[in-house]
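Below you'll find a set of structures to go through.
Below, chain A partners chain B and then partners chain C, in two separate complexes.
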Partner chain A sequence: MNIEAIGAALGLEVKCGRESLGKNVTGGYTGDLLSDVMGNAKEGYIWITRQVHQNIVAVASLKELAGIILINACEPARETLEKAEAEKIPILVSDLPAFELSGRIYNLLTSGS
Partner chain B sequence: MGETKANLYSESFQIEGGNFNSAGIVSTSIKSILKKLGIPGDIVRKAAIVSYEAEINVVSYAKKAVVNLTVKPGAVLIDVIDEGQGIPNIDLAMQEGYSTADHRIREMGFGAGMGLCNIKNYSDDFHIASEVGKGTHLKMTIQTPST
Partner chain C sequence: MLKIYNCDLHIHTCLSPCAELDMHPKALVERALARHLDIIAVSDHNASANVPYVMAAAAGKNIRIIPAMEITTSEEVHLLALFGSLSDLLELQSIVDRHLFGENDEDRFGVQAVVNERGEVEGLNNQLLIGATDLPIDAIVDIIHGLGGLAVPAHIDRESFSVLSQLGFIDESSHFDALEISKRMGMREGRIRYAELARYPFVTSSDAHFLKDIGTSTTPILLKEATFEEIRMAVFGQNGRQILEKQC
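Entry: the complex of A and B
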(Lines of atoms letter the chains of each structure in order from A and count residues from 1; the text may use other names and numbers.)
(Lines give C-alpha, C1' and ligand atoms only; values in the text may rest on other atoms or scores of the structure.)
Protein backbone atom coordinates (compact mmCIF):
# COMPACT_ATOMS: atom_id res chain seq x y z
CA MET A 1 0.00 0.00 0.00
CA ASN A 2 1.36 3.45 -0.85
CA ILE A 3 1.09 6.70 1.10
CA GLU A 4 -1.47 8.13 -1.26
CA ALA A 5 -3.81 5.22 -0.56
CA ILE A 6 -3.31 5.54 3.21
CA GLY A 7 -3.98 9.27 2.98
CA ALA A 8 -7.17 8.71 0.97
CA ALA A 9 -8.46 5.93 3.26
CA LEU A 10 -8.00 8.07 6.39
CA GLY A 11 -8.78 11.52 4.99
CA LEU A 12 -5.31 12.90 5.69
CA GLU A 13 -4.24 16.32 4.51
CA VAL A 14 -1.15 16.24 2.28
CA LYS A 15 1.20 19.13 3.18
CA CYS A 16 4.16 18.44 0.91
CA GLY A 17 6.15 15.84 -1.01
CA ARG A 18 3.33 14.96 -3.43
CA GLU A 19 5.74 13.49 -5.96
CA SER A 20 6.69 10.77 -3.45
CA LEU A 21 3.15 9.71 -2.48
CA GLY A 22 3.51 6.60 -4.60
CA LYS A 23 6.21 5.19 -2.30
CA ASN A 24 5.34 1.79 -0.93
CA VAL A 25 4.82 1.70 2.84
CA THR A 26 6.41 -1.40 4.37
CA GLY A 27 5.35 -0.71 7.97
CA GLY A 28 5.05 2.07 10.51
CA TYR A 29 6.63 3.48 13.64
CA THR A 30 5.07 5.82 16.18
CA GLY A 31 7.20 8.07 18.40
CA ASP A 32 8.33 11.55 19.31
CA LEU A 33 11.91 10.73 20.37
CA LEU A 34 14.21 11.12 17.39
CA SER A 35 16.82 8.62 18.60
CA ASP A 36 14.07 6.04 19.14
CA VAL A 37 12.99 6.46 15.52
CA MET A 38 16.63 6.49 14.36
CA GLY A 39 17.30 3.22 16.14
CA ASN A 40 14.04 1.37 15.54
CA ALA A 41 12.19 2.52 12.42
CA LYS A 42 12.98 0.70 9.19
CA GLU A 43 13.40 1.72 5.59
CA GLY A 44 10.02 2.31 3.93
CA TYR A 45 8.12 2.82 7.21
CA ILE A 46 5.62 5.61 7.72
CA TRP A 47 6.45 7.69 10.83
CA ILE A 48 3.65 8.88 13.10
CA THR A 49 4.66 11.76 15.37
CA ARG A 50 3.70 15.07 16.92
CA GLN A 51 7.13 16.64 16.29
CA VAL A 52 6.82 19.48 13.78
CA HIS A 53 10.30 21.03 13.63
CA GLN A 54 12.69 20.61 10.72
CA ASN A 55 14.86 17.93 12.34
CA ILE A 56 12.19 15.33 11.54
CA VAL A 57 13.01 15.71 7.84
CA ALA A 58 16.67 14.77 8.33
CA VAL A 59 15.62 11.71 10.34
CA ALA A 60 13.10 10.60 7.68
CA SER A 61 15.58 11.18 4.89
CA LEU A 62 18.55 9.47 6.59
CA LYS A 63 16.38 6.45 7.51
CA GLU A 64 14.72 6.38 4.05
CA LEU A 65 11.27 6.45 5.62
CA ALA A 66 8.28 6.54 3.26
CA GLY A 67 6.87 9.67 4.90
CA ILE A 68 5.70 11.42 8.06
CA ILE A 69 2.18 11.75 9.45
CA LEU A 70 1.57 14.42 12.07
CA ILE A 71 -1.12 13.66 14.65
CA ASN A 72 -3.67 15.87 16.48
CA ALA A 73 -3.87 18.28 13.52
CA CYS A 74 -0.33 19.53 14.29
CA GLU A 75 0.91 22.15 11.83
CA PRO A 76 4.40 21.57 10.43
CA ALA A 77 6.80 24.53 10.76
CA ARG A 78 7.48 26.47 7.54
CA GLU A 79 11.16 25.38 7.46
CA THR A 80 10.02 21.78 7.93
CA LEU A 81 7.84 21.99 4.82
CA GLU A 82 10.61 23.66 2.79
CA LYS A 83 13.14 21.01 3.77
CA ALA A 84 10.70 18.16 3.21
CA GLU A 85 9.80 19.47 -0.23
CA ALA A 86 13.51 19.64 -1.12
CA GLU A 87 14.17 16.13 0.23
CA LYS A 88 10.98 14.76 -1.39
CA ILE A 89 9.60 13.55 1.94
CA PRO A 90 5.78 13.51 2.10
CA ILE A 91 4.26 15.09 5.22
CA LEU A 92 0.57 14.47 5.92
CA VAL A 93 -1.61 15.62 8.80
CA SER A 94 -4.33 13.74 10.69
CA ASP A 95 -6.88 15.02 13.23
CA LEU A 96 -6.54 11.79 15.18
CA PRO A 97 -4.30 11.20 18.21
CA ALA A 98 -1.32 8.82 17.89
CA PHE A 99 -3.05 5.74 19.33
CA GLU A 100 -6.05 5.83 17.01
CA LEU A 101 -4.07 6.80 13.92
CA SER A 102 -1.50 4.06 14.50
CA GLY A 103 -4.28 1.50 14.97
CA ARG A 104 -6.00 2.46 11.75
CA ILE A 105 -2.79 2.42 9.74
CA TYR A 106 -1.85 -0.92 11.27
CA ASN A 107 -5.20 -2.33 10.16
CA LEU A 108 -4.78 -0.96 6.65
CA LEU A 109 -1.28 -2.40 6.32
CA THR A 110 -2.16 -5.82 7.69
CA SER A 111 -5.55 -6.33 6.01
CA GLY A 112 -3.64 -7.85 3.04
CA SER A 113 -4.29 -5.71 -0.01
CA MET B 1 36.97 18.68 -0.90
CA GLY B 2 36.83 14.99 -1.51
CA GLU B 3 39.85 13.05 -2.53
CA THR B 4 39.70 9.71 -4.31
CA LYS B 5 42.61 7.35 -4.77
CA ALA B 6 42.28 3.77 -5.92
CA ASN B 7 39.85 2.20 -3.46
CA LEU B 8 40.15 5.02 -0.97
CA TYR B 9 38.18 8.11 -0.26
CA SER B 10 38.48 10.66 2.50
CA GLU B 11 36.79 13.90 3.33
CA SER B 12 36.50 16.19 6.33
CA PHE B 13 33.50 18.18 7.54
CA GLN B 14 32.90 20.79 10.23
CA ILE B 15 30.00 20.86 12.68
CA GLU B 16 28.98 24.01 14.53
CA GLY B 17 27.75 23.47 18.10
CA GLY B 18 24.38 24.85 19.13
CA ASN B 19 22.94 25.15 15.63
CA PHE B 20 19.92 22.84 15.48
CA ASN B 21 18.74 24.28 12.17
CA SER B 22 21.65 22.80 10.26
CA ALA B 23 21.80 19.61 12.36
CA GLY B 24 21.94 16.59 10.07
CA ILE B 25 23.73 18.28 7.17
CA VAL B 26 27.01 16.43 7.70
CA SER B 27 25.35 13.02 8.08
CA THR B 28 23.27 13.72 4.98
CA SER B 29 26.47 14.52 3.02
CA ILE B 30 28.17 11.38 4.32
CA LYS B 31 25.18 9.31 3.28
CA SER B 32 25.11 10.69 -0.25
CA ILE B 33 28.89 10.25 -0.68
CA LEU B 34 28.72 6.60 0.41
CA LYS B 35 25.76 6.00 -1.91
CA LYS B 36 27.68 7.50 -4.85
CA LEU B 37 30.68 5.31 -4.04
CA GLY B 38 28.38 2.30 -4.45
CA ILE B 39 28.53 1.17 -0.82
CA PRO B 40 25.66 -1.31 -0.11
CA GLY B 41 22.45 0.25 1.22
CA ASP B 42 22.46 -1.42 4.65
CA ILE B 43 25.98 -0.15 5.32
CA VAL B 44 25.07 3.34 4.14
CA ARG B 45 22.09 3.34 6.52
CA LYS B 46 24.26 2.27 9.47
CA ALA B 47 26.74 5.03 8.66
CA ALA B 48 23.87 7.52 8.46
CA ILE B 49 22.55 6.53 11.91
CA VAL B 50 25.91 6.69 13.70
CA SER B 51 26.99 9.94 12.06
CA TYR B 52 23.61 11.57 12.77
CA GLU B 53 23.71 10.69 16.47
CA ALA B 54 27.31 11.92 16.75
CA GLU B 55 26.40 15.11 14.90
CA ILE B 56 23.41 15.78 17.19
CA ASN B 57 25.62 15.31 20.25
CA VAL B 58 28.09 17.88 18.94
CA VAL B 59 25.25 20.32 18.23
CA SER B 60 23.76 19.64 21.68
CA TYR B 61 26.82 19.53 23.91
CA ALA B 62 29.96 20.81 22.17
CA LYS B 63 31.35 24.01 20.61
CA LYS B 64 32.43 22.56 17.30
CA ALA B 65 33.80 19.43 15.71
CA VAL B 66 35.69 18.01 12.79
CA VAL B 67 34.34 14.87 11.17
CA ASN B 68 36.70 12.70 9.15
CA LEU B 69 35.16 10.18 6.77
CA THR B 70 37.44 7.51 5.35
CA VAL B 71 36.38 4.76 3.01
CA LYS B 72 38.91 2.00 2.54
CA PRO B 73 38.65 -1.58 1.35
CA GLY B 74 36.59 -3.45 3.93
CA ALA B 75 35.49 -0.51 6.08
CA VAL B 76 33.94 2.91 6.43
CA LEU B 77 35.56 4.94 9.24
CA ILE B 78 33.90 7.96 10.81
CA ASP B 79 35.86 10.03 13.34
CA VAL B 80 34.19 12.86 15.21
CA ILE B 81 36.55 15.07 17.21
CA ASP B 82 34.90 17.86 19.15
CA GLU B 83 35.98 20.78 21.29
CA GLY B 84 33.66 21.23 24.21
CA GLN B 85 32.71 20.28 27.73
CA GLY B 86 33.71 16.62 27.44
CA ILE B 87 32.04 13.71 29.25
CA PRO B 88 32.87 13.26 32.98
CA ASN B 89 31.62 9.66 33.22
CA ILE B 90 31.58 7.68 29.98
CA ASP B 91 30.01 4.55 31.52
CA LEU B 92 27.10 6.64 32.73
CA ALA B 93 26.75 8.47 29.40
CA MET B 94 26.62 5.10 27.60
CA GLN B 95 23.64 3.96 29.72
CA GLU B 96 20.38 3.96 27.79
CA GLY B 97 18.12 6.72 29.10
CA TYR B 98 20.87 8.80 30.71
CA SER B 99 20.82 12.34 29.39
CA THR B 100 21.86 15.80 30.52
CA ALA B 101 19.88 17.44 27.70
CA ASP B 102 18.04 20.59 28.74
CA HIS B 103 14.39 21.44 28.19
CA ARG B 104 15.01 23.15 24.83
CA ILE B 105 16.79 20.07 23.44
CA ARG B 106 14.14 17.67 24.78
CA GLU B 107 11.32 19.71 23.30
CA MET B 108 12.66 18.91 19.83
CA GLY B 109 12.64 15.20 20.58
CA PHE B 110 16.34 14.86 21.35
CA GLY B 111 17.69 13.91 24.77
CA ALA B 112 16.21 10.42 25.02
CA GLY B 113 19.59 9.14 26.19
CA MET B 114 19.75 6.65 23.30
CA GLY B 115 22.25 8.34 21.00
CA LEU B 116 25.46 6.69 22.18
CA CYS B 117 23.60 3.34 22.39
CA ASN B 118 22.49 3.69 18.77
CA ILE B 119 26.10 4.48 17.81
CA LYS B 120 27.36 1.41 19.65
CA ASN B 121 24.65 -0.86 18.22
CA TYR B 122 24.99 0.27 14.61
CA SER B 123 28.79 0.37 14.35
CA ASP B 124 30.95 -2.74 14.15
CA ASP B 125 33.65 -1.12 16.23
CA PHE B 126 33.26 1.92 18.46
CA HIS B 127 35.72 3.85 20.63
CA ILE B 128 35.00 6.86 22.74
CA ALA B 129 37.50 9.01 24.62
CA SER B 130 36.80 12.25 26.39
CA GLU B 131 38.50 14.86 28.51
CA VAL B 132 36.44 17.20 30.67
CA GLY B 133 36.83 20.80 29.55
CA LYS B 134 38.56 19.77 26.31
CA GLY B 135 36.33 17.58 24.19
CA THR B 136 35.26 14.16 23.00
CA HIS B 137 36.55 11.85 20.28
CA LEU B 138 34.37 9.15 18.73
CA LYS B 139 35.83 6.54 16.39
CA MET B 140 33.27 4.47 14.54
CA THR B 141 33.96 1.65 12.10
CA ILE B 142 31.43 -0.03 9.86
CA GLN B 143 32.63 -3.04 7.96
CA THR B 144 31.90 -3.41 4.27
CA PRO B 145 31.96 -6.70 2.40
CA SER B 146 35.45 -6.85 0.90
CA THR B 147 35.46 -7.97 -2.72
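Entry: the complex of A and C
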Protein backbone atom coordinates (compact mmCIF):
# COMPACT_ATOMS: atom_id res chain seq x y z
CA MET A 1 0.00 0.00 0.00
CA ASN A 2 1.35 3.44 -0.82
CA ILE A 3 0.97 6.72 1.08
CA GLU A 4 -1.56 8.07 -1.34
CA ALA A 5 -3.88 5.14 -0.61
CA ILE A 6 -3.44 5.55 3.15
CA GLY A 7 -4.14 9.27 2.84
CA ALA A 8 -7.28 8.63 0.81
CA ALA A 9 -8.55 5.90 3.16
CA LEU A 10 -8.15 8.08 6.26
CA GLY A 11 -8.95 11.49 4.79
CA LEU A 12 -5.50 12.93 5.47
CA GLU A 13 -4.46 16.38 4.29
CA VAL A 14 -1.34 16.35 2.12
CA LYS A 15 0.95 19.26 3.08
CA CYS A 16 3.90 18.59 0.80
CA GLY A 17 5.94 16.02 -1.09
CA ARG A 18 3.15 15.06 -3.49
CA GLU A 19 5.57 13.58 -5.99
CA SER A 20 6.55 10.91 -3.46
CA LEU A 21 3.05 9.76 -2.51
CA GLY A 22 3.48 6.62 -4.59
CA LYS A 23 6.15 5.26 -2.21
CA ASN A 24 5.35 1.83 -0.85
CA VAL A 25 4.74 1.73 2.91
CA THR A 26 6.35 -1.32 4.53
CA GLY A 27 5.37 -0.59 8.13
CA GLY A 28 4.97 2.21 10.62
CA TYR A 29 6.47 3.80 13.71
CA THR A 30 4.87 6.16 16.21
CA GLY A 31 7.01 8.48 18.34
CA ASP A 32 7.95 12.06 19.15
CA LEU A 33 11.50 11.61 20.40
CA LEU A 34 13.71 11.87 17.35
CA SER A 35 16.51 9.94 19.02
CA ASP A 36 14.07 7.05 19.47
CA VAL A 37 12.77 7.23 15.90
CA MET A 38 16.32 7.32 14.53
CA GLY A 39 17.04 4.17 16.49
CA ASN A 40 13.90 2.21 15.70
CA ALA A 41 12.12 3.28 12.51
CA LYS A 42 13.03 1.37 9.38
CA GLU A 43 13.24 2.12 5.68
CA GLY A 44 9.82 2.41 4.06
CA TYR A 45 7.98 3.04 7.32
CA ILE A 46 5.32 5.70 7.70
CA TRP A 47 6.11 7.84 10.77
CA ILE A 48 3.31 9.07 13.02
CA THR A 49 4.29 11.98 15.27
CA ARG A 50 3.34 15.18 17.08
CA GLN A 51 6.82 16.61 16.48
CA VAL A 52 6.78 19.48 13.96
CA HIS A 53 10.38 20.71 14.22
CA GLN A 54 12.33 20.76 10.96
CA ASN A 55 14.62 17.98 12.16
CA ILE A 56 11.82 15.48 11.42
CA VAL A 57 12.58 15.92 7.72
CA ALA A 58 16.23 15.05 8.18
CA VAL A 59 15.33 11.99 10.23
CA ALA A 60 12.81 10.82 7.61
CA SER A 61 15.38 11.37 4.87
CA LEU A 62 18.21 9.69 6.79
CA LYS A 63 16.10 6.63 7.62
CA GLU A 64 14.51 6.59 4.15
CA LEU A 65 11.03 6.64 5.64
CA ALA A 66 8.07 6.66 3.26
CA GLY A 67 6.61 9.79 4.84
CA ILE A 68 5.40 11.58 7.96
CA ILE A 69 1.89 11.93 9.33
CA LEU A 70 1.28 14.63 11.92
CA ILE A 71 -1.46 13.93 14.45
CA ASN A 72 -4.09 16.11 16.16
CA ALA A 73 -4.35 18.45 13.18
CA CYS A 74 -1.07 20.12 14.15
CA GLU A 75 0.61 22.44 11.69
CA PRO A 76 4.18 21.78 10.55
CA ALA A 77 6.60 24.67 11.06
CA ARG A 78 7.31 26.70 7.91
CA GLU A 79 10.95 25.58 7.79
CA THR A 80 9.77 21.99 8.11
CA LEU A 81 7.55 22.29 5.04
CA GLU A 82 10.29 23.99 3.03
CA LYS A 83 12.80 21.29 3.86
CA ALA A 84 10.31 18.50 3.22
CA GLU A 85 9.43 19.95 -0.17
CA ALA A 86 13.11 20.17 -1.07
CA GLU A 87 13.79 16.62 0.13
CA LYS A 88 10.59 15.27 -1.46
CA ILE A 89 9.36 13.88 1.86
CA PRO A 90 5.56 13.67 2.05
CA ILE A 91 4.02 15.26 5.14
CA LEU A 92 0.35 14.58 5.79
CA VAL A 93 -1.89 15.74 8.62
CA SER A 94 -4.61 13.84 10.46
CA ASP A 95 -7.24 15.08 12.91
CA LEU A 96 -6.84 11.89 14.93
CA PRO A 97 -4.67 11.39 18.02
CA ALA A 98 -1.65 9.09 17.71
CA PHE A 99 -3.29 6.01 19.28
CA GLU A 100 -6.25 5.99 16.96
CA LEU A 101 -4.30 6.90 13.83
CA SER A 102 -1.68 4.23 14.51
CA GLY A 103 -4.42 1.62 14.97
CA ARG A 104 -6.13 2.51 11.74
CA ILE A 105 -2.92 2.49 9.73
CA TYR A 106 -1.92 -0.80 11.32
CA ASN A 107 -5.22 -2.29 10.22
CA LEU A 108 -4.80 -0.95 6.71
CA LEU A 109 -1.30 -2.36 6.40
CA THR A 110 -2.15 -5.80 7.83
CA SER A 111 -5.63 -6.34 6.38
CA GLY A 112 -4.22 -7.66 3.12
CA SER A 113 -1.92 -10.22 4.73
CA MET B 1 44.43 41.17 33.96
CA LEU B 2 42.56 37.98 33.20
CA LYS B 3 41.94 35.41 35.88
CA ILE B 4 40.05 32.18 36.28
CA TYR B 5 36.51 32.39 37.59
CA ASN B 6 34.78 29.30 38.90
CA CYS B 7 31.30 29.20 37.35
CA ASP B 8 28.23 27.07 37.98
CA LEU B 9 25.81 28.31 35.35
CA HIS B 10 22.77 26.15 36.12
CA ILE B 11 21.30 26.19 39.62
CA HIS B 12 17.63 25.88 40.61
CA THR B 13 15.88 27.41 43.60
CA CYS B 14 12.90 26.25 45.65
CA LEU B 15 10.69 27.83 42.98
CA SER B 16 11.32 24.80 40.76
CA PRO B 17 8.85 22.08 41.74
CA CYS B 18 11.54 19.40 41.63
CA ALA B 19 13.99 21.33 43.85
CA GLU B 20 14.09 21.05 47.65
CA LEU B 21 12.61 23.82 49.79
CA ASP B 22 16.00 24.34 51.43
CA MET B 23 17.13 25.86 48.12
CA HIS B 24 15.99 29.31 49.17
CA PRO B 25 18.00 32.36 48.07
CA LYS B 26 19.96 32.96 51.28
CA ALA B 27 20.92 29.31 51.75
CA LEU B 28 21.77 28.97 48.09
CA VAL B 29 24.15 31.92 48.14
CA GLU B 30 25.79 30.77 51.39
CA ARG B 31 26.43 27.33 49.92
CA ALA B 32 27.74 28.78 46.66
CA LEU B 33 30.20 30.93 48.64
CA ALA B 34 31.24 27.96 50.73
CA ARG B 35 31.93 26.09 47.50
CA HIS B 36 34.15 28.97 46.29
CA LEU B 37 32.01 29.75 43.28
CA ASP B 38 32.62 33.14 41.67
CA ILE B 39 29.68 33.24 39.27
CA ILE B 40 26.39 31.34 39.37
CA ALA B 41 23.37 31.41 37.09
CA VAL B 42 20.02 30.99 38.80
CA SER B 43 17.72 29.16 36.41
CA ASP B 44 14.32 27.88 37.46
CA HIS B 45 11.97 25.98 35.18
CA ASN B 46 9.99 28.56 33.18
CA ALA B 47 10.16 30.95 36.14
CA SER B 48 12.33 33.69 37.59
CA ALA B 49 10.64 35.17 40.69
CA ASN B 50 13.44 34.09 43.03
CA VAL B 51 16.24 35.59 40.95
CA PRO B 52 15.95 39.13 42.44
CA TYR B 53 16.03 37.63 45.93
CA VAL B 54 19.13 35.60 45.15
CA MET B 55 20.72 38.81 43.83
CA ALA B 56 19.71 40.59 47.05
CA ALA B 57 21.13 37.74 49.14
CA ALA B 58 24.39 38.05 47.21
CA ALA B 59 24.63 41.86 47.46
CA GLY B 60 27.98 42.95 48.88
CA LYS B 61 29.29 39.39 48.75
CA ASN B 62 32.04 38.08 46.54
CA ILE B 63 29.82 36.29 44.05
CA ARG B 64 28.06 37.30 40.84
CA ILE B 65 24.52 36.18 40.04
CA ILE B 66 23.59 35.75 36.38
CA PRO B 67 19.80 36.09 35.85
CA ALA B 68 18.67 33.00 33.96
CA MET B 69 15.84 30.62 33.20
CA GLU B 70 15.54 27.00 32.08
CA ILE B 71 12.75 27.16 29.53
CA THR B 72 10.88 24.10 28.32
CA THR B 73 10.31 24.43 24.57
CA SER B 74 7.33 22.97 22.73
CA GLU B 75 9.55 20.04 21.74
CA GLU B 76 10.16 19.51 25.48
CA VAL B 77 13.78 20.54 25.24
CA HIS B 78 15.28 22.24 28.29
CA LEU B 79 16.96 25.42 27.11
CA LEU B 80 18.99 27.74 29.36
CA ALA B 81 18.69 31.47 28.79
CA LEU B 82 21.37 33.62 30.46
CA PHE B 83 21.11 37.40 30.65
CA GLY B 84 23.10 40.50 31.52
CA SER B 85 20.31 42.10 33.50
CA LEU B 86 17.23 41.23 35.48
CA SER B 87 15.05 43.36 33.22
CA ASP B 88 15.98 41.23 30.19
CA LEU B 89 15.01 38.11 32.14
CA LEU B 90 11.70 39.67 33.17
CA GLU B 91 11.01 40.47 29.55
CA LEU B 92 11.49 36.82 28.70
CA GLN B 93 9.29 35.87 31.65
CA SER B 94 6.41 37.94 30.31
CA ILE B 95 6.63 36.06 27.01
CA VAL B 96 6.92 32.66 28.71
CA ASP B 97 3.90 33.44 30.90
CA ARG B 98 1.77 33.91 27.79
CA HIS B 99 2.87 30.53 26.45
CA LEU B 100 2.75 28.32 29.53
CA PHE B 101 -0.51 26.69 30.55
CA GLY B 102 -1.93 24.66 33.40
CA GLU B 103 -1.85 24.77 37.19
CA ASN B 104 0.63 23.09 39.47
CA ASP B 105 -0.42 20.15 41.63
CA GLU B 106 1.84 20.38 44.70
CA ASP B 107 1.21 16.81 45.79
CA ARG B 108 2.31 15.41 42.48
CA PHE B 109 4.97 17.82 41.25
CA GLY B 110 6.15 19.68 44.35
CA VAL B 111 5.91 23.09 45.99
CA GLN B 112 6.92 26.18 44.01
CA ALA B 113 7.94 28.70 46.66
CA VAL B 114 8.94 32.31 46.17
CA VAL B 115 11.26 33.09 49.09
CA ASN B 116 13.00 36.38 49.83
CA GLU B 117 16.63 36.98 50.79
CA ARG B 118 15.79 36.65 54.50
CA GLY B 119 14.30 33.20 54.03
CA GLU B 120 10.69 34.36 54.33
CA VAL B 121 8.08 32.87 52.00
CA GLU B 122 6.65 35.60 49.78
CA GLY B 123 4.15 33.36 48.05
CA LEU B 124 3.57 30.24 46.01
CA ASN B 125 3.63 30.11 42.24
CA ASN B 126 0.67 28.07 40.94
CA GLN B 127 1.67 27.83 37.27
CA LEU B 128 2.46 24.38 35.90
CA LEU B 129 6.19 25.14 35.80
CA ILE B 130 7.04 21.51 35.10
CA GLY B 131 5.06 21.77 31.85
CA ALA B 132 6.20 22.84 28.40
CA THR B 133 5.60 26.17 26.72
CA ASP B 134 4.11 26.12 23.24
CA LEU B 135 7.12 28.03 21.90
CA PRO B 136 9.33 26.14 19.40
CA ILE B 137 13.02 26.01 20.26
CA ASP B 138 14.18 28.08 17.30
CA ALA B 139 11.70 30.84 18.16
CA ILE B 140 12.88 30.93 21.79
CA VAL B 141 16.51 31.13 20.71
CA ASP B 142 15.62 34.15 18.57
CA ILE B 143 13.77 35.75 21.50
CA ILE B 144 16.75 35.18 23.82
CA HIS B 145 19.14 36.70 21.29
CA GLY B 146 16.78 39.63 20.75
CA LEU B 147 17.10 40.34 24.46
CA GLY B 148 20.89 40.12 24.32
CA GLY B 149 21.04 36.78 26.11
CA LEU B 150 22.85 33.50 25.57
CA ALA B 151 20.93 30.36 24.56
CA VAL B 152 22.40 27.11 25.87
CA PRO B 153 20.60 23.75 25.52
CA ALA B 154 20.84 22.04 28.90
CA HIS B 155 22.31 18.58 29.65
CA ILE B 156 22.48 17.51 26.01
CA ASP B 157 23.71 14.06 27.04
CA ARG B 158 20.61 13.21 29.05
CA GLU B 159 17.95 10.87 27.72
CA SER B 160 15.08 13.15 28.61
CA PHE B 161 14.36 16.83 27.97
CA SER B 162 17.58 17.29 26.02
CA VAL B 163 17.95 18.69 22.51
CA LEU B 164 19.45 15.38 21.39
CA SER B 165 16.77 13.15 22.95
CA GLN B 166 13.94 15.27 21.58
CA LEU B 167 15.33 16.41 18.24
CA GLY B 168 17.83 13.68 17.45
CA PHE B 169 20.73 15.90 16.43
CA ILE B 170 21.76 19.54 16.27
CA ASP B 171 21.12 21.03 12.88
CA GLU B 172 23.73 23.38 11.43
CA SER B 173 21.14 26.11 11.20
CA SER B 174 20.68 26.14 14.99
CA HIS B 175 22.02 29.26 16.64
CA PHE B 176 22.94 27.93 20.05
CA ASP B 177 25.74 29.83 21.78
CA ALA B 178 27.06 26.87 23.77
CA LEU B 179 25.97 23.40 24.89
CA GLU B 180 25.77 22.12 28.44
CA ILE B 181 27.13 18.69 29.32
CA SER B 182 25.72 17.21 32.52
CA LYS B 183 27.97 16.39 35.43
CA ARG B 184 27.18 12.71 34.94
CA MET B 185 29.05 12.73 31.65
CA GLY B 186 31.53 15.54 32.25
CA MET B 187 33.39 17.73 29.80
CA ARG B 188 36.09 15.28 28.71
CA GLU B 189 33.69 12.45 27.92
CA GLY B 190 31.32 14.95 26.25
CA ARG B 191 33.99 16.07 23.80
CA ILE B 192 34.74 12.46 22.87
CA ARG B 193 31.09 11.47 22.56
CA TYR B 194 30.04 14.54 20.61
CA ALA B 195 33.00 15.09 18.31
CA GLU B 196 30.60 16.31 15.60
CA LEU B 197 29.66 19.25 17.83
CA ALA B 198 33.21 20.63 17.96
CA ARG B 199 31.99 23.98 16.61
CA TYR B 200 30.14 24.71 19.87
CA PRO B 201 31.66 25.79 23.18
CA PHE B 202 30.77 23.36 25.98
CA VAL B 203 30.02 24.19 29.59
CA THR B 204 29.29 21.88 32.48
CA SER B 205 27.24 22.80 35.51
CA SER B 206 25.70 21.20 38.56
CA ASP B 207 22.01 21.61 37.57
CA ALA B 208 21.60 21.61 41.37
CA HIS B 209 18.12 20.98 42.77
CA PHE B 210 19.52 20.31 46.26
CA LEU B 211 21.90 22.41 48.35
CA LYS B 212 24.43 19.60 48.51
CA ASP B 213 24.74 19.61 44.71
CA ILE B 214 25.67 23.27 44.26
CA GLY B 215 29.13 23.55 42.72
CA THR B 216 29.51 19.80 42.17
CA SER B 217 30.20 20.48 38.50
CA THR B 218 31.67 23.78 37.39
CA THR B 219 33.28 25.46 34.41
CA PRO B 220 36.43 27.55 34.91
CA ILE B 221 36.31 30.59 32.66
CA LEU B 222 39.13 33.08 32.00
CA LEU B 223 37.71 36.59 32.45
CA LYS B 224 38.71 40.11 33.39
CA GLU B 225 35.84 40.47 35.84
CA ALA B 226 32.75 38.57 36.94
CA THR B 227 30.15 39.93 34.54
CA PHE B 228 27.76 38.54 31.96
CA GLU B 229 29.50 40.55 29.23
CA GLU B 230 32.80 38.88 30.08
CA ILE B 231 31.17 35.44 29.97
CA ARG B 232 29.68 36.36 26.62
CA MET B 233 33.14 37.23 25.30
CA ALA B 234 34.46 33.90 26.58
CA VAL B 235 31.67 31.99 24.85
CA PHE B 236 32.55 33.73 21.59
CA GLY B 237 36.28 33.40 22.24
CA GLN B 238 36.93 37.14 22.14
CA ASN B 239 39.73 39.27 23.64
CA GLY B 240 41.49 36.38 25.30
CA ARG B 241 38.46 35.43 27.37
CA GLN B 242 37.89 31.71 27.19
CA ILE B 243 36.26 28.67 28.67
CA LEU B 244 39.00 26.48 30.13
CA GLU B 245 37.55 23.13 29.15
CA LYS B 246 40.69 21.18 29.92
CA GLN B 247 40.52 22.26 33.56
CA CYS B 248 36.99 20.94 34.04
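Going forward, the second predicted complex is superposed on the first by the 112 of 113 C-alpha atoms of A that agree within 3 Å, B and C clash if a C-alpha of one lies under 4 Å from a C-alpha of the other, contacts with A are read in each partner's own complex, and residues count from 1 in each chain.
By definition in this document, contacts are C-beta pairs under 8 Å (C-beta built on N, C-alpha and C of every residue); 3 or more make two chains touch, one makes a residue touch a chain.
Just so we're clear, the structure is a prediction, and the values are computed from it rather than from any experiment.
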item	value
Partner chain in contact with A:51 - chain B first, chain C second, else both or neither	both
Partner chain in contact with A:79 - chain B first, chain C second, else both or neither	both
Dominant toucher of chain A (residue count), chain B or chain C	B
Touching partner for A:34 - first (chain B), second (chain C), both, neither	both
First, second, both or neither for A:43, with chain B first and chain C second	first
Which superposed partner A:59 touches (first chain B, second chain C, both, neither)	both
First (chain B), second (chain C), both or neither touched by A:19	neither
Common ground on chain A, meaning residues reached by chain C in one complex and by chain B in the other	32-35, 38, 51, 53-55, 58-59, 79
Parts of chain A lying in touch with chain B, wherever the complex brings them together	32-36, 38-39, 43, 49, 51, 53-56, 58-59, 61-64, 79
Residues of chain A touching chain C in the complex	32-35, 37-38, 51-55, 58-59, 77, 79
Of all residues in chain B, those that touch chain A in their complex	20-21, 23-25, 27-28, 31, 41, 45, 48-49, 52-53, 56, 108-110, 112-115, 117-118, 121-122
List of chain C residues in touch with chain A within their complex	75, 136-138, 159, 164-169, 171, 173
